[in-house]
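Both complexes shown next keep subunit A, but they swap its partner, so subunit B is in the first and subunit C is in the second.
And now, the complex of A and B:
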């Protein structure tokens, strides 16, 4: 029992929690207004879309792959969807999500096809798809940024589940959109923990030969993973569009770095086979905290890229050194 | 003349296809758009080609070693910025320029060593190391420049890429040729080259034969870093300025060049001559796009499509063979 508690207290998730608490204490000491419900609401708002993308990336990494194409696919999803809505005059949130999910799933299937059937390494396949998709969006769908969304979609973000008014009279409201990543987190967690397909993702990510021998259908599991990842990316794209009330063909490009960073810091091993939803949530929270508060800590904004880079280097070094130690220990 | 001789002797099918492709493009474009063979276009090709050509060789070395280097563009920009800062600090004297170039190259060595140590010693996968390397190096560039480009570099420096020898050949083309010669010697004739191929083919077997994996990995990435910074110096000279986000489309392009040139993404295979002809083919395609006034976004689209198609064409025979086996 004692050993179990010790293991829990030293787990990857726990370390991220310590870092978050430490960071919150420092920021709170520098700026006392930090400790307020308003901060929580702002933080959740920052995390909202990133969390959906992080889930999409996490399941791919757990299954032993990587996906750098989701920013390009999401941009295409946004522009294609808004063009379709404006052309047909349809104004419905479920239909919007439906289209987004369909486009995401299609590109997920394309990635899975290139990786599983054509056997292109995942990074190179998704880099190619990224270039292809981004180029296609800008060349064939145009470079226009849409802010004239249909009314129901435009006002969707205003539905709030609770709000808080600070002593100065500013109102902070938590948009109901937060329920989307919340529900997705629960579903993905249950899938990874309790379903055969979820266990299959860990199995093929850990050791593809062993998974095959045990009887997992590697190709089927991979296709499922990438299509689900695409569906999540499509959902993320539509959620971004509704939350920010804009459809921009380039805005998410480069986002893959932050998302991969969040996933890896959350304890998901880049080599596959390890990773949890809770860790991913914590990783996203840590990066959102850093991103929102660098200025309060006196770090100029042009340091942000470097700071995030160093966080990734340290985060991955810790995971990697631990994995190395475990590998060296296990010689019975 | 030695490298040229060995180049002709060891010409293979892959290179022949690339050579045929370049001839085909030159003839088709030359007939339909005579401007394509004009000296203005030739000169602009020769200025652009060394920049990403040298980056592509950096990618080639990383890929042969069994990894990948996505941080090359970051190294190039950081080196350009180091060179710019040093040169402006010391004034445009020949001494200042030399020191700027040396500073940039040592920046490349340090960046490469950073990648190599994280990869070889801490054992983080190459993809993640170099992706975060890109973030760190671009971050450093942003810290130095605070965003905007550093301009007004010494005139003598900008002549490296912008002045020409006998009116057509920019001096940067000579740098490129020199690098091709040195690299084909290094990869084909030296112990280091052999070690690199062996390590990329099978890391475990290589370490059993007594190859120091850590040392070879670090050396490979330092070499890749030096090539990255050389490209950065040429870019800074060409634009007469340095910025943290120049050439962001080069990462995919260098990957495409390497793969088209016959470098195996899984490591251990790839030749300097293949990559050399692949650089030429892509430069011809790129110039053809420019002359036909095809939109830059279609170029991005085409690079992605070509990358996927080339890999599909390479892999399908392998898949069929495997299926026949059982």
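And now, the complex of A and C:
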């Protein structure tokens, strides 16, 4: 039993927790006001959308694939949805999400088709879809940035579940939108851990040939994975639009690196077959913490990309070194 | 004959005009261990794939428990109780032992939910049936090859398997692990399961088989109870030619070629001393991890020795790097030819001349013509079955590729040739060719060292054998004083 506890304390998730605690201590030492509910609220707000995207990316990586198309798909989703809403005069949050999910699922199916049926390697397929989608957005839907969201959608972000007023009188409120990634985390966790389709994702990510032999319907599992990933990306896009009160055709481009980094730092192996929701939450939290607090630590703005890059390289190294050590260690 | 489980009649299958199977009959009974033997390309794997429903035969009849089967699919084959354990086991390194064992069952029953409690109890039950004792929670990537195989066997038997087919199950097991596997197989046989083992290692076949079927070039050459075969008749059926198994006995000579004194590499091996006289073929054996491979690596400078002396023709030399070893004309055929011995995608010519490029560097350029001539010469001399010196070397079969790895070093005119597992995955015919060739070299005064765990091979080819254990040479024996059983005992003591 002792060995098991030791294993838990040295697990990937645990290491990320240590790093988060260490960072929090350092930031807290430099700036004592850091230790406050306001920090938590800010952190959750930063994590909110990234976490949805990270879930979408994580399930794809677990199943042995990769998806770099979600930022482009999300941008298209935002613009297409807002244009539709403005043209029809519909002002309903559920319908908005419905459209986003539909568009996301469609592009997920396109990715799955290219990867599973045409057999293009996932990176190339999704890179192609990314370029295609991004180009289509700009060419057919225009380059306009929309800030004139319909009334109900525009005010949705103001619904808060709790708020905190600090001694200086500033009010921090936690938007109810946080419930979306929270619920998704629970659902994805249950799916991955307790359904056969979820176990199928791990199986094909571990050894696709073996999955065939065992009798998994590999094509079906991969279609399901990419479509679900697309649905999550669409959900992320609409959530971003509501939270930021803007629909921008380019704003999310480039986000994939950050999201993949967060997923991998959270212990998901880029080669597939390993990854958990808890780890993903921690990976996103770590990157959000760094992003939010570099200024407090006195890191100049133009150094921030550099520092984030260092953390990505360092964080992903831990995962890779661990995988290598497992491969080399004595077998039982 | 009521206990016949599977019978195949006149099975034919061809791929693009090439007959992989040309009218094969096979009968497998419950409670019997049946060995399917054949060299590479004999049609063994095609036959397994037909039984498991992956290929459809062009012609022929399949009967399961007496009933003719119209078309066998992978699923209907499993439903009929046929389970195949492939060489790579088809298990998931990233999943736990329990999940790996139960996953087949969960998929086949069409479950939607993953039932962890059931998975654990299925795994525990399967493991107790074959006497395995693994932590069900541990990830399979942490297991040794032998334990991975246990997992694969457990997975196969939980689905009411009636026929268990094992494809070259001992390919990467140590002698002790093979014994353990044989126990499990006999145990399953006693529970009235039909077992078919695909193998080409003679000793293992004779150890366990009750019934033998030999395939060659897609045809059934012979079939019958194992007691009806002798080693000699078996080899003749397998290879189609007479290969006599003799032991190697060099002419006595006092001319010392190579001597090693108290060779040590900290943490790997220590105090290894031996000498090689003209005509000697020295064997080094030991279990995995005994340091047998490290000695070869040290002599070739891959991981040099830290202490000790090396003499070549009476003169002391130092080997600090591979360059040194090549300078003193030492050749090394590594254990894993695919990753260490060959440039798979390059031509046979480039591979053959790779270790002796300097020779072809004439007047500032590489003379491709002489290279080609030398390669063709080697292909002929060493008896490699290659049509074209410019074809990529990966197009050659295991045995032929290995011959070219040896040719590569012979092309450097070595004084010492070290071979680590020279015939792993090489079939009997090519094996005999390689052995004959090595004996010729030894006679010509090349010092030969064979590092191997294939005891039969060592006994046939070496006149002296060093047995290693925990990095030390525990015994040095004359081959004529030992047989396989006594040597095997020395290994594990």
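The rule we apply is simple: the second predicted complex is superposed on the first by the 329 of 332 C-alpha atoms of A that agree within 3 Å, B and C clash if a C-alpha of one lies under 4 Å from a C-alpha of the other, contacts with A are read in each partner's own complex, and residues count from 1 in each chain.
Basically, a residue touches a chain if its C-beta (ideal position, glycine included) is under 8 Å from a C-beta of that chain, and two chains touch if they have at least 3 such contacts.
Just so you know, these numbers come straight off a predicted model, no measurement behind them.
Novice: Quick one: is A:281 in contact with subunit B, with subunit C, with both, or with neither? Answer first, second, both or neither.
Specialist: After superposing on A, A:281 lies clear of both subunit B and subunit C.
Novice: Determine, under the contact definition given at the top, whether A:121 touches first (subunit B), second (subunit C), both, or neither.
Specialist: first
Novice: Name the contact category of A:78: first (subunit B only), second (subunit C only), both, or neither.
Specialist: Neither partner.
Novice: Would you mind checking which one, subunit B or subunit C, touches more residues on subunit A?
Specialist: For subunit A, the partner with the higher number of touched residues is B.
Novice: Quick one: is A:231 in contact with subunit B, with subunit C, with both, or with neither? Answer first, second, both or neither.
Specialist: neither
Novice: Pick one for A:198: touches subunit B only (first), subunit C only (second), both, or neither.
Specialist: The second partner, subunit C, only.
Novice: State whether A:206 touches subunit B only (first), subunit C only (second), both chains, or neither.
Specialist: second
Novice: For subunit A, what residues appear in both contact lists, the one with subunit B and the one with subunit C?
Specialist: In the superposed arrangement, which is not itself an observed complex, subunit A uses no residue for both subunit B and subunit C.
Novice: Could you pull out which subunit A residues touch subunit C in their complex?
Specialist: Those in contact with subunit C are residues 193-199, 202-203, 205-207, 209-211, 213-216, 269, 272-274, 326-327, 329, 331-332.
Novice: Report the residues of subunit A in contact with subunit B in the complex, numbered from low to high.
Specialist: 66, 114, 117-121, 123-125, 127-136, 138-139, 143, 257, 260-261, 264, 270-271, 302-310, 312-313, 316-317, 320-321, 323-324
Novice: Give every residue of subunit B touching subunit A within the complex, in rising order.
Specialist: Checking each residue of subunit B against subunit A gives 68, 118, 122-125, 127-129, 131-140, 142-143, 146-147, 251-252, 255, 259, 265-266, 295, 297-305, 307-308, 311-312, 315-316, 318-319.
Novice: State the interface residues of subunit C toward subunit A in the complex, per the touch definition above.
Specialist: 74-75, 78, 86, 88-95, 99, 103-104, 106-108, 111-114, 116, 138, 141-145, 147
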